[in-house]
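Both complexes shown next keep chain A, but they swap its partner, so chain B is in the first and chain C is in the second.
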Partner chain A sequence: MSDDKTLAEVLRNQGVSRRGFLKFCATTASMMALSPAMVPRIAEALEQARRPSVIWLSFQECTGCTESLTRSHTPTIEGLIFDAISLDYHHTLQAASGDAAEHAREEAMKENWGKYILVVDGSIPVGHENYSTIAGISNLKMLEETAKGAAAIVAVGSCAAFGGLPMANPNPTGAAAVSDIIKDKPIINVSGCPPIPVVITGVLAQFLTFGKVPDLDSLGRPMAFYGKNIHDRCYRRPFYERGEFAETFDDEGAKKGWCLFKLGCKGPITYNACATTKWNEGTSWPVESGHGCLGCSEPRFWDMGGFYNALSTPTIDIAKTAGIGLAAGAAIGVAAGALNRAKKAKATREHETVTVDDLEKGEKS
Partner chain B sequence: MTELNTCSASGDYPLTQNVVPILHEIRHALRKLLDEGEATIIDLRAMPFAPGEEDELEARLGTGEVTVRIEALGPSVIKETSYAGVWLVVHYNTEEEIMGKFIEITHVPSIIESQTEDIKSGIQALQEGLTIDS
Partner chain C sequence: MSAVDFLLWVRGPGLAIASIIFVFGMTLKLFEIFMLGRKKNLAELRGSGIKEGFVTIFTRSRHADTYSTRHTKFTYYSGWVFHLGLFITVFLLTPHIELFKSFLGFGWWALPTPIVDLTAVIAMIALLAILFHRITNPVLKYLSVGQDYVVWALTFLPLLTGYMAYHHLFFRYEWLLGFHILSVCILLVFFPFTKLTHAMTLFISRWYNGMMGGEKGVQQ
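Take a look at the complex of A and B:
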């Protein structure tokens, strides 16, 4: 359960030295794509941060997002961030099952009403309530019920953020994204199939540090991680500029590491941190392994007409796709009225926040 | 991982051309350290590099006189490069996977210094040990 200990106290109780804590802050700053000069201020803010209660709901998903997050052996920096939160409900990871598990969720909600972070992976079937249930409770009902007391919601993975593979044409379950259903809470979309592990924990660290929802793009994703597209940061970009493309996966161009645009790379329309953060502890990423980007952090990447079909134009306005994910919301008749917008603003306002400027001035939250 | 990298599809590695600009940035940062006493940290994780470019950067920086290994939440290796004042700081987790890599342009990276909180804990532990002895 959530308690009154600060993050610094939790780490010190685990025998982590101040030096270890500073290392934690340095890698956290790097993870949050913040300047290393901010490390002392991040340390100050994190020292004061209280362990938030986190409730993690998994709906129509493949567990790939949880797998991504937990694949590293603990203790890792990501692991420590999970020590810094109180993960009160995660039905894949928790020991309890059935009624005991649901009781843990209800207790956590009651004790931390209005303060807990709700993490959701998987889309929500709205075609019929029995398509996906947990302990006899439909996904839709569980989401609506749990969202009511949340300070903020983190939609992890492209399924929770945009509907994902369950939404693929013809969308047999009526899969919907979290933001299609919940309209009165701040929602952070951490898209990807799966998202990069440090991006998931980076978002949680950012929330812990600043106490507020980070700056988001037009699709509700944190700008720190989704602010640049793959193409702009790709090391193969110079070949694109020179018009040097691989035409097949085994031709001379492919062997020379030329641009994979003609082989269907979706880098130009995909916003994610793969090109710099990379995967498997920074070992490599798809383009470096010789395969084009699938665009897995974008809405409807699953129905874009074939992974190996080249984009028709070199760059398209990604904002045009923003409306697609919202269509499902209209289908289930959830209206984003003025009242909900006001509620959302109120929920955001009531959460105590600090800004980068505050940290730079040395003010504590 | 070396085998994997050499098996990469990009046999004729394209270059981002980021190595030389970073070396220039380091040169400016050294001047700033001398003139204004201000340290600079460059986060290498935020840089797009082609395969081999990061190795090239490290090779051009070379190895200097000091290497420090810290054990705190996994190892950290801090090496002064062949250019005095330019340090390569690599943080690993307990599985020895790289969690962060930085170039620090400073007299001594601050993580090497003993931290006040740890010194206070040390005094307390020493005191408790002496109390038991007496």
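Take a look at the complex of A and C:
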């Protein structure tokens, strides 16, 4: 439940030093591309902030987003910040179940009406209300109900932000993104499959500091984390420029760390912080571990023509479609050619020879 | 339509439609040309002319005639520069080779990207110069028809959008890549029905001319 402790008090109780706290504020400012002069302001705002009530709804999802946010190897400062929010409802993490759990949600909503942050992971099936339910309530109804009293909605993961894997062609459940359903609340899309843990804490920190939704890109994602292109920030980019590409995952090129474009890397069309923030406390990220970027923070990445096909290749079988054109062109071409020849032969047959005498006769008459 | 939807459409159905029209149109045209036939040559042949046909394909690209070179130096050199630049850009850039590989089943050696970037710029400058020459030269201007300017634009756009996509100019990359593929789709659609067909008929007509020349005359 929400209580009156400030964030600073919660952090102090958990043994976080002032130095560690300021370090986190500086990192957050740097990640959000803010001036170092903003660090004291972030610290001040975070220290004063009351624990915001957070209701976390999980719909058609795999729990990967929750795993990403909660599973830290050591209790990181991001983890503590995560603990410091008042997570009033999260059906994976909470101890309560059944009616008690739903009661907790209703109570949190009532107590913090208009002030709580609604976090959603997973897409919402609109094909049929029974495709996905929690305590007998359809995902759609629960989202609509809970969104009404929210100050803002954070759509965590590509499923909540864009529909995700449940929306993959042919989208059997009619999966939809939060922004497809809720139109009257500020929505922050924190896409990724899953998103980087520090990105979600960064977004929450920014919201707590400034009390408003951060600058968003055209897809509703915070510019601070999704403003840069993976390809532009990739440490393997020089190999792309030099034309040095890995052809398979175990050839010499792969061992030398060459560009993974030919192996299907979607870095050029992906906007995320992986190349700079990295994963597992800055240890590595997919491209560094030898696998191309899947473009998981982008809409419809699951239907982008295959994970292992180069971005410049078609998403359909061109040879097959061109074959149709070839067959049709050949058939009609032969027919047109035959018609032309027949016309020519007819003209030759019907051609009447004219002698000089005939012409002279014509002139006289 | 979002950038991703647009990109998916041009990489999928858009490209499929364009490739069907392109292959259909070119096959139709070539069949019609080949089925025109030729009159039987009743004279005794000097040789088969096959070899001369192939030789002519190449020799016609070499301006040995100093008189006409003097008069059309600009057209000759700018034409060479443009076509060479276009050839390298289309066939020796890795993403393009991956596209060819996806339907041919094999690929080939690529050039480093900055070199292809340079050849694309050279091809674009040559195209702009050719257009300027066409507009400013009174004879060329008089001879030009609307289609000449259309095919110029159809050829220029893929180069321009490709250059913009590589350098991430003005728009996000997924839009630029979509525009680039769309410009190629439009080029493919118009290709069989405009003067652009010369890219294929050129070799056929040159071969025929060379072959007929090779058949004639007295055997030594």
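Just so it is clear, the second predicted complex is superposed on the first by the 285 of 365 C-alpha atoms of A that agree within 3 Å, B and C clash if a C-alpha of one lies under 4 Å from a C-alpha of the other, contacts with A are read in each partner's own complex, and residues count from 1 in each chain.
The definition used in the following text is that a contact is a pair of C-beta atoms (placed from the backbone, for glycine too) under 8 Å apart; a residue touches a chain by one contact, two chains touch by 3 or more.
Just so you know, these numbers come straight off a predicted model, no measurement behind them.
When the shared chain is aligned, chain B comes close enough to touch A:F239, but chain C does not. In the superposition on chain A, A:E281 makes contact with chain B only, not with chain C.
Of the two partner chains placed around the shared chain by superposition, neither chain B nor chain C is touched by A:G98.
Residue contacts after overlaying the shared chain place A:L311 against chain C, while chain B stays out of touching range. Using the contact criterion defined above for the overlaid structures, shared-chain residue A:G114 touches neither chain B nor chain C, since it reaches no partner. When the two structures are aligned on the shared chain, A:K255 is found in touch with chain B, with no touch to chain C. Legend: residue contacts after superposition of the two complexes on their common chain; A:R300 is shown touching chain C, with no touch to chain B. Touching of chain A by both chain B and chain C, each in its own complex, is seen for no residue at all.
For chain A in complex with chain C, the residues that touch the partner chain are 218-219, 229, 231-232, 240-243, 245, 261-262, 268-269, 298-300, 303-305, 309-319, 321-326, 328-330, 332-334, 336-338, 340-341. Taken in their complex, chain B has these residues touching chain A: 1, 4-5, 8-17, 41-43, 45-51, 53, 70, 72-73, 76, 91, 93-95, 97-100, 102, 110-111, 114-118. Touching chain B in their complex are the following residues of chain A: 16-20, 22-24, 26-27, 29-30, 33, 35-37, 39, 72-73, 75-77, 80, 233-239, 249, 254-258, 275-277, 281-284, 288-290. Looking at the complex, you find that chain C touches chain A at residues 2-5, 7-8, 11-13, 15-16, 19-32, 34-37, 94-96, 98-99, 101-104, 110-114, 168, 172-174, 177.
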